[in-house]
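In what follows, subunit A forms one complex with subunit B and a second complex with subunit C.
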Partner chain A sequence: MALETATVVLGGGMPAVLEVLDFALGRRPGVAILGWDTSVQGTVDKVAARSPDVALVCADLPDWDGIKACTDIKRLGTPTRVIVVGSEGDQATLISAVKAGADGYVTVADSVDDLVGALHQVHRGESRVPPLMLGSLLRGLIELRREDDAAVERFASLGNREREVLVELVAGLDHHTIATKLHLSPHTVRTHSQNILTKLGVHSRLEAARFVFEHDLFSRFGIGDG
Partner chain B sequence: MREQMPDTTLRPCHLPGTRLEQRGGRVIVCDADGKAMLALNESAAALWELCDGSTTIDEMVMAICEVSSISVHQARDDVERTLGEFERAGLLLAGDV
Partner chain C sequence: MHLARNGGGPLEADQRRILVVGARTLYLQALCEFLGTTGLSVSLLQPVKLRDSSLGPSPEIVLLDCAAAGVALEQLIAEIREFHKGALIVLLTSGAAREISKQAAMLHADDWVSMSLPVAELVAVLDRGRRASAARTPSSRRPSRSGPAIESPLSSLSERELSVLRLVVDGHSADEIAATLGISRHTVRTHLQNVMAKMLVGSRMEMVSVARKSGMRPAPTAPTS
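Right after this comes the complex of A and B.
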């Protein structure tokens, strides 16, 4: 059976690497390189304009954010599949790639044959993770899910008034302004603030804000603008 | 007769002393004496690593869904089938699946 050609756009911060990939992959049967770009926006624009089957993007490099490229390509809502090229054993980048919606992850230690195999694998609709990284990837995702569940549980323990105060704290308002806005005494706002930090398991309003945004808690609880 | 559904809140745990080894390009579960007990493919080896007594079957299923294109139903079938193989090979503590 003839191999279906996978059309590919390449993205990464190093032109020399992309030129080598273009040359090496473009010569293989079943692969057609539609172009490459060294900027995230340029790569996303090429994907939007050329609708490749697969975008092969390098992971983080100086002046290049491969995870953002993956996220932005996925946000286009096109059928283009994304493979991130990262370091062998770089668990953090692999997890970030999966969270960004990547369909595959290959490593710089992989051969061109491996890359071609990965391109066709994700083009067929399958996912691709380096076998030796799969176990720790699953473990990492499970840990993240547990942290997320715990965050939701902590947030759910806040009373309605505490949630109202938290919204204002995250917005950067001071206690006096919050008190005026919510028709409370400053002392009550301070008490609520302390209780909020304790319940969320954080030590400052800055940490509280990060906690809320990291777990997307306002949106998930239908609070404010999300 | 309807097959009994496994409790997906269970936390499978492999037998103490068992470990994974790479031999001749294959991944093998070995007992404490190094005796080969079962050859695993890549997915099964990843699942084996999760059989640590703290991870529920539900957590395994959801994590697999996150990294693959398969449905929750299919992932659950795959996980339960693989855990069944571990159990039949005597690799899990009794009553874990």
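Right after this comes the complex of A and C.
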């Protein structure tokens, strides 16, 4: 059965890596390389301009953010599928890739023919994760979900006044300014903020801010400043 | 281990054998396929299989991927030296130039090349390695690279910094160096701090070690033999 040719754009921070991949993939039947780029923006631009079936982005090379490339390509809203190349057994990158919308994941320990198989698989509309990493991926995603549920639960335990104080804390106001703004005494603000940190299970207002943004808590609880 | 020329005829001597060692199969396999078209005999080997490869003919060049997962580079280099005596060891890296040159010098590799350069550059380094291999003497084992892209750890040092470093390598104390060069002790200290920063080393011991491995010798009055 003849394979339908998959057109591909490559992205990664190392010219030599892309050149040899271009060469090795290009000589295999069923694959046509439309171009490659060593910058994230350049890769995204090439994908936008050439509409390949698949974009292959490396996420294991220094000074190059393959996950960002994946995210940006997916944001284009075009049908291009994305395969992320990551280190062997690098579960964190795999989870980031899946969260960024990747359709497939290949490790650098795979062979060129494995990659070709993955290209065709995602081109057909399937997903591709190395079988050995599938278990840990699912566990990781479940774990993330659990953490997220716990975060929501903790936030829900904050009182209305505490939520108001938290919004100002995250905005970077000091206790005195918050007190004036909310018509409270600075002492009360301090008590509120201590209780907030305890309830959220964090140790500083900076950590509280990270916690809020990481789990997108304000918008999920309908607290907006806009 | 000198199987390369034991009666294989002229073809055998002509065989340009490169052994690529590393765990990043995807990139290295693609690299091997590419190099294969340039008239080289290239084979790819997992680091853990290095021991088994000693039975075959020794390669002219071993291209060792620094991202060799899970195995210490030093140990790999020692194994290559043991199993493939006479082979040039070229490190394949993806880091920044200064970091690489230091690493290569520390590890006693013969040369290095970065994946962040175009692949033509990589082929050029291997070619140079082959020529060096043909004219190789036992004492010539040091980085031979002189191109503009990758420098010696010492190349960014000023003349003054080099002379201070040379005196340290020679075993002089800060006071002696100050007296010799006619500068204050404090200035010597500042020079050395700058030298250490430029060489990316964390201690004076490491500084001397890297300097020596980069080819700096104690300033002798008589030539060593």
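Throughout what follows, the second predicted complex is superposed on the first by the 222 of 226 C-alpha atoms of A that agree within 3 Å, B and C clash if a C-alpha of one lies under 4 Å from a C-alpha of the other, contacts with A are read in each partner's own complex, and residues count from 1 in each chain.
Going forward, a contact is a pair of C-beta atoms (placed from the backbone, for glycine too) under 8 Å apart; a residue touches a chain by one contact, two chains touch by 3 or more.
Just so we're clear, the structure is a prediction, and the values are computed from it rather than from any experiment.
Once both complexes are superposed on subunit A, the partners subunit B and subunit C fit side by side without clashing. Looking at the shared chain after the overlay, A:Val54 reaches neither subunit B nor subunit C. With both complexes placed on chain A, subunit A has more residues touched by C than by the other of subunit B and subunit C. When the shared chain is aligned, subunit B comes close enough to touch A:Gly125, but subunit C does not. Once chain A of one complex is fitted onto chain A of the other, the partner contacts of A:Ile33 are absent, as it touches neither subunit B nor subunit C. Legend: residue contacts after superposition of the two complexes on their common chain; A:Val170 is shown touching neither subunit B nor subunit C. By the document's definition of touching, of the two partners only subunit B reaches A:Gly135; subunit C does not. In the superposition on chain A, A:Arg145 makes contact with subunit B only, not with subunit C. When the two complexes are laid over each other on chain A, the CA centres of subunit B and subunit C sit 100 degrees apart as seen from the CA centre of subunit A, to the nearest 10.
In the superposition on chain A, A:Leu10 contacts neither subunit B nor subunit C. Shortest separation of subunit B and subunit C in the overlay equals 20 Å (C-alpha atoms, whole Å). Per the touch definition, subunit A reaches subunit B in the complex via residues 98, 103, 125-127, 129, 131, 134-139, 141-142, 145-146. On the subunit A side of its complex with subunit C, the touching residues are 13-17, 19-21, 23-25, 27, 61-62, 85, 87-88, 106-112, 114-115.
Note for the complex: subunit C touches subunit A at residues 23-27, 29-31, 33-34, 37, 69, 94-95, 114-119, 121-122. Touching subunit A in their complex are the following residues of subunit B: 42-43, 45-50, 55, 59-60, 62-64, 66-69.
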